[in-house]
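Shared chain: chain A. Partners: chain B in the first complex, chain C in the second.
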Partner chain A sequence: MVPALTRRPGADGHFTDAERAFVDAATARIIPTDDTGAGAREAGVTQFIESQLAGDFGDAARWYMQGPFKDGTDEQGYQLPLTPAQLYSAAIRAVDQHCRDFFGGRVFADLDAEEQDEVLRGLEAGEPELGDVDSRSFFKMLRANTVEGFLSDPMYGGNQGFVGWRLIGFPGPRYDYTRFIGRHGEPFPLPPVGILGRDGFI
Partner chain B sequence: MRAGLTVLAGAAVLTGTAAGLAQEAGFSDIERGRYLARVGDCVACHTAEGGEPFAGNRPIPTPFGTLYSANITPDRETGIGGWSDAEFERAMTQGMAPGGKRLYPAFPYPFFTKATRDDIRAIKAWLDTLEPVRQEVDPPELPWPLSWRALLAGWNALFFEEGVFTPVPGKSAEWNRGAYLVEGLGHCAACHSPKNLAGAVELDEAFEGGFGEGWFAPDLTGDLREGLGEWSVEDIVEYLKTGSNRFSSAGGPMAEVVERSTQHLTREDLRAMAVYLEDLPAAEEVAEPGDVRDLDELLMAEGEALFVDNCTGCHLMSGEGQEGVFPALAGSSVLQQEEPHSAIQIVLGGAEKPSTEAKPTPLAMPALGWKLDDDEVAALLTYLRNAFGNSASPVEHSTVTDVRSIIEEREGTAALASE
Partner chain C sequence: MPTKLPPVDVLLVGFGWTAAILGEELAQAGLEVLALERGQFRDTVPDFAMPQIQDELRYAVRHEMFQEPARQTITFRNNHAQTALPMRRLGSFNPGTGVGGAGVHWNGQHWRFLPSDFRQRSHVEERYGADFIPEGMTIQDWGVTYEELEPHFDRFEYLCGTSGVAGNLNGEITAQGNPFEGPRSRDYPNPPLERSLGTLLFDKAAREAGFHPFPAPASNTSRPYRNPLGVQMGKCTYCGYCEWFGCANYSKSTPQTTILPVLLNRSNFSLRTNCNVTRIKLDRSGKRATGAIYVDSSGEEHEQPADLVILSAYATHNVHLLLLSGIGEVYDPKTRSGTLGRNYAYQMVSGVDVFVEENLNPFMGAGALGQAIDDFNGDNFDHGPHGFIGGAYVALWTTGGRPILQHQLPQGTPEWGSAWKQAMAENYLRSASLSVHGSVMSYNDAHLDLDPTYRDAYGDPLMRLTFDFHDNERRMSRFVTARAEEIARAMRPRSYTVNQRQGPYSIVPYQTTHNTGGAVMGDDPSTSVVNRYLQHWDVPNLFVMGACVFPQNAGYNPTGTVGALTYWAAEAIKTRYLKNPGPLVDA
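After this line comes the complex of A and B, so read on.
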């Protein structure tokens, strides 16, 4: 069976410019570019998230989305009436408004890194109040999607150049390691490979 | 019994000395006919996708156009129910239907003519027991003047020799039984030999491999790389009886042949066929193992990378595969054929082993055509044809493109048929 490509034509038009700028800035703080190597920005995480939100994930196509909607426990998972696409859209609008109110009219993407971290920590802790939007649920989803985009197969738009897999030393879905059994302490010589192949030949 | 049936002393020898079903007393002509129809794999061509067995109208693609196989159930109007034994015999041995209508040689009468008249009548006796199926057969789709059947008289004059198989003196009874089956009803050479521009088998290159249904049916001679040079008689029997052996697995059209035909033959007959095939000499220029060709290093590096990334999960880094499960790429004759079409078919479209009584699990290789483009397949196969001690010509990009369009056409037709 051929895996379905979720990066579909038209996905690039899902975000507004403001939304794209927010996701780009926020994911770059969640997995920053630092001395361990490339971060979410180089990996194309924004592209990954935009593509996912434009598809079935964004529409909550496989989720139970009828009421009742109540606050659940952490183990019960996502409980909001909003689809992921609606949640991103509403939350980004609310967070940018919050930033304008508290940071001299600047939106999230225009804040410096420390200010951005402060806002993100606030979201993680359930502050500030964002009206209808539950900030903790949004942060949880944003963080999870960032990690997914950084570490998923490059065919889905993120992990470009295998930067995620290189960071954690994952060679990709290879199957035959018999040649390397017993060769301890040596670096694995093969480059990472994705479902569509490796860099350079694809 | 008509006198004509026993005219040929050879015929009696062939069926009499042959081991197997033909020999066993108590089997009626009808049962023998059922068995012989399996040898000929009549069902393969004479059954349309999703249609009644033997009711025909299956499209048979040829380089000249599409033909539709005959309905050979005993329906009086659309089948062969109105045919006499003599008329059936004439069709099988001369390629001529009642009323003098010449049959196109896509129907393998140039091979069936070698069957004994007794065997042909047994097949007719068995076909007569089938349920008649009313199934009209579409007319051939051939360009003029090929649509003019009278031209076939010329084809026959040039390429067709009528006559029953004559045992070769000095060869064993087993060899002769094998030759009778392989050259006659089995019509193996129809695919496994090169054809000339008129579609006739090149007799001086018989069994050196040839095209069939977009695949390249491998060389069956004693050639060490391309042919059966490394295979023992037992290896051949196991392949035909079960669908695979220590060297290879049947795939593509041969998987169907094993499933519908050869697995049902007696071990004695398969052994006889194997003995005959083992005796086929290799073509003149036998490639020596260890032949190294001058190949583009960059292309080979790309091919190796594609191999490591896509194939080693099953075929292993060493290319040795897993005996009985995943075929070895090292030394593979399918890979090293003169024409790479079958290897390209397998990479692009995948392949499934036949499901036989002996080995029921139809292990399959997945298609890779959705992820590898034509350049990549060419690089991959050029590498595999020249890695692990293999040696064969590089694979051209354009050949991959051709095979891809054959597969797309086939899958398009299958999709239409299932609608």
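After this line comes the complex of A and C, so read on.
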């Protein structure tokens, strides 16, 4: 038997403590732990995002990042001069400052759930003004990365124990459905499996 | 100074579908052929092996197989009043890079355009009168007919092992296939894929609504298949990872699974990867291509001389190379003069999401496992009462159920929170999408040229895209989407959501990788870049492949037509051009 690896993927040290606390709190509101079961927190979404931001995605390695940078129309897409890692860092600082100003000195992670939802709804709608940071772009990215962390293969650090896939009924990547494709309407009988195996952990 | 290399007979720029076809055709004819590919070498083993290839985050979300905007992208604006800005990350379309090109990561939805599509302007004028064509619309005939292309459509389908059922066999309409298709000389090489429950529900509902559903043509093999080149393909296992992925099972038709095992073993064929062509070189007369300049992975420049140069990169990339190389007169939207960059077109996609009672197991699927109706595509219906040109197919595809990008949620579901989570749990297994895949005509204000500001990683100007949807397409899309809604209702779902295409064209959400035009084909050199054999009007030893030659776009996925045009051009090169190199059509 192969012993389970204890080291999780991630880039400990990419986030500051404040950034990690923010992402942990915000993603837990985006996909909450509730009656339908485990949420972003159990899935390990924070470690997923931290590891993504520490890598090529965080660096915008594939993106065109040459200037000049100008504001465009919505149809022209992302035009900020910030990589995802820079956007997170700047936005979290700005949101926490905004929270301190409006919630009696408390940062986002220290707000109660309803207050957190209120702040997130504001970001989603493009409010408040966060200086250089476009709050709508940040929320969009945070929301997308949270869903990715909940529903991607567990080898990236999220979806631990296949909690995301179990919620929706996705059995994981499988090679051969030849015997099942014609069995219309029947539930698929096998439990989820990941790229690295059945545990879903590395 | 670039190092000058020993000459070859034929130089292929880019190594996807069209280059693989031409490489095999011309190497078989005894020519020394070299292909230059900007990306990496890739093959089924090891690059597409299970299970690592079934990784939605890496390939579908983070775009590992696609062109990197950091190296090359475009700038975009909706109209001439705006300043074009760079497409900083991919969105609306996903061109490939690496051996096989986008032919590696396509779904395998393998259509033929309609006979009337190839005579777009003549056909509309004959049936509805010239006044039916709105001001500003610049549709034209292709210069080649469906009848001329039929043997080449057939050849490409037999190369690919396409799975389907004929709807029109030598003029006889059959019960099971698409009754609107052009006549085909023989049936598909393989029977349709097994049906998913979703496609059966669609089929029943479409019949109830009075339409003519059929299994969509699939270049995913429904049974083991050995193609005419002797290359063996495996039976599809319905793993649900076609589009954005490579196929581990030799079941999706790609250059790797149909041609390369033969071509790469030919001693008169060679391939250099990580070589990015930056210019096509002309001699002093400007009437003859002498070869190409390329940059290798160490940044060194080389000059590769060749007798015959063929642009076989992605559609937009071919146009970019012509622009950078100064070959042909660039289209000017003010004076309407020039041909290069003219008649860029795209497609207009919309859809209806259906939320049903049944468990559909969406994760079991194949890229081209679908049921479609063609009743409202092209000119398959009378446009007279509607006053627009073009159409769309409506299809329910069961391509897979990759959870991040392939889920539908009912209208009004919040984007996050407990309600989102609840809706995901209730609907992932019990929903599907009807896609409306519509044509886009060409217009005098939609075009490609070089951007004055932004540059790529090689220091060259990016190509600039100026494009928006027009009223004709919006009306077409609304009309066909309403037909899709009739099918959705007949499926008696718990609920359904109509997703119309609203607002200006946006570079952000994914739509289709079906960019067309910019170097269009035709009979008249004042309105086309290449003649009916895809030969450049001004430079007869330069040929241009790919969807950039489409004078406007039809309501189908383009690969079947791109493949047929490539075989058509290959035949003209082999049987006529090589015997007497020069213009195949008098200008």
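Keep in mind that, in the parts below, the second predicted complex is superposed on the first by the 179 of 202 C-alpha atoms of A that agree within 3 Å, B and C clash if a C-alpha of one lies under 4 Å from a C-alpha of the other, contacts with A are read in each partner's own complex, and residues count from 1 in each chain.
Keep in mind that, in the parts below, contacts are C-beta pairs under 8 Å (C-beta built on N, C-alpha and C of every residue); 3 or more make two chains touch, one makes a residue touch a chain.
Everything quoted here is computed from the prediction, not taken from an experiment.
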Clash-or-fit label for the pair chain B, chain C on chain A: fit
Which superposed partner A:F162 touches (first chain B, second chain C, both, neither): neither
Which of chain B and chain C A:L190 touches, first, second, both or neither: first
Contacts of A:Y88 with chain B and chain C, given as first, second, both or neither: neither
Per-residue touch tally on chain A - higher for chain B or for chain C: C
First, second, both or neither for A:M65, with chain B first and chain C second: second
Partner chain(s) touched by A:Y175 [first = chain B, second = chain C, both, neither]: both
Contacts of A:Y78 with chain B and chain C, given as first, second, both or neither: second
Degrees between the directions from chain A toward chain B and toward chain C, using C-alpha centres, nearest 10: 60
Partner chain in contact with A:F15 - chain B first, chain C second, else both or neither: neither
First (chain B), second (chain C), both or neither touched by A:F108: neither
Per-pair minimum CA distance [chain C against chain B, superposed on A] in Å: 6
Footprint overlap on chain A, where chain B in one structure and chain C in the other make contact: 174-176, 178, 195
Residues of chain A that touch chain C when the two form their complex: 29-32, 34-36, 39, 56-57, 60-66, 68, 70, 72-79, 117, 120, 124, 143, 146-148, 151-153, 156, 164-165, 167-171, 173-178, 180-182, 184-188, 195
Chain A-touching residues of chain B, taken from the complex the two chains share: 302, 305-306, 308-310, 312-314, 316-318, 370-372, 376
For the chain A and chain B complex, residues of the former touching the latter: 2, 174-176, 178-179, 190, 193, 195-198, 201
Chain C residues within the chain A interface of the complex: 50-52, 54-57, 61-63, 68-70, 73, 76-78, 82-83, 85-89, 91, 194-197, 200, 235, 237-241, 248-249, 358-359, 361, 363-364, 401, 403-404, 407, 415-418, 420-422, 424-425, 428-429, 453-455, 503-508
